[in-house]
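Here it is, the structure, as structure tokens.
Going in written order, the chains are labelled A, B, C and D, and every chain counts its residues from 1.
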Amino acid sequence: MNLKIDTNEQQNSVLNNINKLTQRKILRTQCPDAKGLISKITNICYKHQLNIIQNSEFVDHRSGHFFMRTELEGIFNDEIFLADLGSSLPEKSIYELKSGIKQKIVILVTKEAHCLGDLLMKQAYGDLDVEICAVIGNHALLQPLVERFNIPFYLISHEGLTREAHDLAMRTKISEFSPDYVVLAKYMRVLTPEFVAFFDKKIINIHHSFLPAFIGAKPYHQAYERGVKIIGATAHFVNNNLDEGPIIMQDVIHVDHTYTAETMMKAGRDVEKNVLSRALEKVIAERVFVQDNHTIIL
Amino acid sequence: MNLKIDTNEQQNSVLNNINKLTQRKILRTQCPDAKGLISKITNICYKHQLNIIQNSEFVDHRSGHFFMRTELEGIFNDEIFLADLGSSLPEKSIYELKSGIKQKIVILVTKEAHCLGDLLMKQAYGDLDVEICAVIGNHALLQPLVERFNIPFYLISHEGLTREAHDLAMRTKISEFSPDYVVLAKYMRVLTPEFVAFFDKKIINIHHSFLPAFIGAKPYHQAYERGVKIIGATAHFVNNNLDEGPIIMQDVIHVDHTYTAETMMKAGRDVEKNVLSRALEKVIAERVFVQDNHTIIL
Amino acid sequence: MNLKIDTNEQQNSVLNNINKLTQRKILRTQCPDAKGLISKITNICYKHQLNIIQNSEFVDHRSGHFFMRTELEGIFNDEIFLADLGSSLPEKSIYELKSGIKQKIVILVTKEAHCLGDLLMKQAYGDLDVEICAVIGNHALLQPLVERFNIPFYLISHEGLTREAHDLAMRTKISEFSPDYVVLAKYMRVLTPEFVAFFDKKIINIHHSFLPAFIGAKPYHQAYERGVKIIGATAHFVNNNLDEGPIIMQDVIHVDHTYTAETMMKAGRDVEKNVLSRALEKVIAERVFVQDNHTIIL
Amino acid sequence: MNLKIDTNEQQNSVLNNINKLTQRKILRTQCPDAKGLISKITNICYKHQLNIIQNSEFVDHRSGHFFMRTELEGIFNDEIFLADLGSSLPEKSIYELKSGIKQKIVILVTKEAHCLGDLLMKQAYGDLDVEICAVIGNHALLQPLVERFNIPFYLISHEGLTREAHDLAMRTKISEFSPDYVVLAKYMRVLTPEFVAFFDKKIINIHHSFLPAFIGAKPYHQAYERGVKIIGATAHFVNNNLDEGPIIMQDVIHVDHTYTAETMMKAGRDVEKNVLSRALEKVIAERVFVQDNHTIIL
């Protein structure tokens, strides 16, 4: 009987250890399309005794690429698993195993509070599962807001600096935190190609129009001048063509003749912050793939 | 007692005659803004014993203009009423008394059936209070559909004609019906300035994008290439700048990476027809005013 | 050289035969969740040399069920393929191989034209890939509309019949066409349990409210009385609890205090027809699965 | 020349005094409908040399009532102006002249931060023109958030108190601030009739469903159980029937089978906060009229 208890305890202990070792990870696969890819990948998962919690895949006929996002649960041996995958997938495949470790972001701002405030609130109250390492502004206006949420704020003024010098200072400060993503929460400056290249596919911007309409400065004033009946916002990855990077999310609201450029701006702020935070949520959940100038969201 | 009956009958007869004379009309006023305009106009209505059923007004601070739409009920003496109004309103005022007589439209089409079909259905079943005088196509494809609804179809092919000659033929045919509005229900040709000038502010077009994005040809293909996450449609008055006339109505739907240009086109058709018929409904209800390149919808 | 030509011809002939034999089919799998299901199913596809064109799957943790929709291309041997599947899947699995043969529907109507008209238009112009076998009305009002589209209309009046007798007559007529689905396009009668059981999970209804609000009669009047700021429509499978079957699709539009029950009805008609046709499109594309009182749309 | 300068100075001084005396006020009129009301009211404005900046009116045929909101600019003698109005309007008219003085609100909360945080952010950064006198919670959880925005937080726990005793304590504390409105920002307790009567038509609640669907507790769980494809939120005035007061604003978002009750809750939070803040904005702009169980928003 003692023995039996011992055995049970032993078993429990083994189970506990298994539970401790059990992890959830996300496999992201992006590769040239080929026959049998789902079968090959899921077989390898099965062989490694990794249970598929959720799986989504897509074949982009435009680019001839295959995309798959697989939530796995089990005991991982990353090295062997990825080696097995590598030998099964076509050349030029990209495959990553992402642990569920909280992703890190740095937020850049200028003077507008609404997008920043929404991210701070959501992060503080559990609706955005991310670590905000720092907020960096080229103005000091939002420093008190950030500090209320116990997050470090850095002022890097652009005054008296060339764009290159300012961007370099920004880039240096951002790099200290090795963030997974840089979020432009109404950061109202155009970035240098060096900056964009340095954080390639890692910079997410919110533009206050439904792109490709009203690219560039003062989109609400452009919208008012044109007399449109909808206004909107676009979250996108930044590339070197202004407001032309891969779009992640867009939304609009209806306006009418009673709106001025100012009341459009005010109404638009809710759209901007909603679109940015939803886009960021998809990105940090490892759901967003970039192919050429498009996004696939699984 | 006989007398009493007689009197009653006389009174009834008078009341009946009054009821017969009683009409509903819509007063549209568009003029430079000035103090006391609502007071002046409603006083004149009151003086003429016209009851205000519904009233809407707007001051456009951009242009400094005043707009008012007044649904009136009573016995109208149009000439005296309008003369009274004219002496009270500022110079350069536009004021019209619109009887509720059913407005007449001519519809132009090419090959696509959905917007046309929606207008035909709505007109046939009481959801669009308009007389469709004729449908004119530069292709014959939609003739059977139109004729099923007992509406005359005219084929005016553009084959072998210059744009000017074709437009002139179209204009001549349209003019036979003296329509209040010309509705371009996916009429896929650019109009000559002469055509546009001839039906100034009377041509309503549906463009298959959320303008000002994707002006011109193949907007869904442009949308697909750009990788947008919304597609839409815009109903607007036609002026001489392609897809740049005053916007009446716009709407969008969400799309994702699974859409091709073709499935965007298909999904977009419902948006197009909804936007066009809602815009037309506002126009024929005398609710739409044009000021510069904008619309005010009261 | 002749020989070579012959060989080529032979090869071409073989290729042509292969192309002729190559088909697209959709595999629908619905079963208790288990480990390795995706892997097992895709392996069998791979083994049968069936190429996966598109695949979607979902695990419903509420019911513990697994759902998968797989578009396959290749040369099918249905019997062996399904037997292979059957031996790999858990007990109580449902799996069907659907050929792309055009599905057949019968539409039931009463007096309202808009949903019917939208389906007729879409079917006639290629936006709804379905065969409309017949339209059956309990009133004659819509007969001319249906016949304009060269589709047979049957009048089965409910006058003087018990509900049971009328439903039986309807059911008998519908059964003549062996439809895949019965579409209630504003058919304003409550069905008997016998009728519902006979066409189990095959009856699609459009209800003119955002369910579960405003169940039953006159939902727009209920909406007007309640003073709501949105109105909507719900497409759902019919079960024996009025307006409580599994929901397929819902949408709403905004209304304000200027709306009456009548103008709500008018505005609502566009929502109703859009929601019904989009729901039907998903159903006939074999994308809709029913589990308990819910739908999974892949 | 000296004289001229003096005269100019005098004139400037007079103009300055006039400018100082010039105010903007909002006239709200709600009365039984009658002929000539717009004319009568605008005449009185004209006679008092008050310029109409913006005017909206509505006749509710359901109740036979007339509603008008008039933004006026000029030098006000409130007493005489209102007396003049009173003698012109029908019996049982309600008419108020609202100065643009910032309205005062008290916010009640329980544990959820999102609606509160949005109001705090908007008030702090100029998007909500209101004075937040205090936030009162029946839990202490949100105290730090409130205090970060330098607004007093009061904890009035319901523990160990009857509902009546707790409501009385809340009411007493609220009354200290004489607020124009009491905003329930996810205050998760049912109010006593005494409380509701005390702040009649002054309590604004946000309910996390599209009413009248999912009244009462756990609406997202109800929504999940029902398998709806939309979720939403409703801002309404509170009366003594749970979730049945006059609706101010509603909105929805689309959901699908991948949502759980928890992810519905998370996605719904953005809708809730948007709907509440937009409703509050309309209310404090004096745009919302209540008639029976409906709102008219001018």
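By definition in this document, contacts are C-beta pairs under 8 Å (C-beta built on N, C-alpha and C of every residue); 3 or more make two chains touch, one makes a residue touch a chain.
What you see is a predicted model, and the numbers here were worked out from it, not measured in a lab.
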Counting residue numbers used by both copies over all numbers at the interface, does the chain A-chain B contact come out same (over half shared) or different (under half)?
same
Average the CA atoms of each chain to get its centre, and name the chain whose centre is farthest from that of chain C.
D
Just curious, how far off is chain C from chain A if you go by their C-alpha centres, in Å?
36
State, to the nearest whole Å, the distance from the C-alpha centre of chain A to the C-alpha centre of chain B.
45
Where in chain D do residues touch at least two different other chains?
none
Which residues of chain B touch chain C once you look at their complex with the stated criterion?
113-114, 117-118, 121-122, 124-125, 127, 145, 148-149, 266, 269-270, 274, 277-278
Touching residues of chain A toward chain B in the complex: what are they?
58, 60-61, 210-214, 226-230, 232, 246-252, 254, 256-258, 260, 293-297
Chain B touches which residues of chain D in the complex?
35-36, 38-39, 42-43, 45-46, 51-57, 59
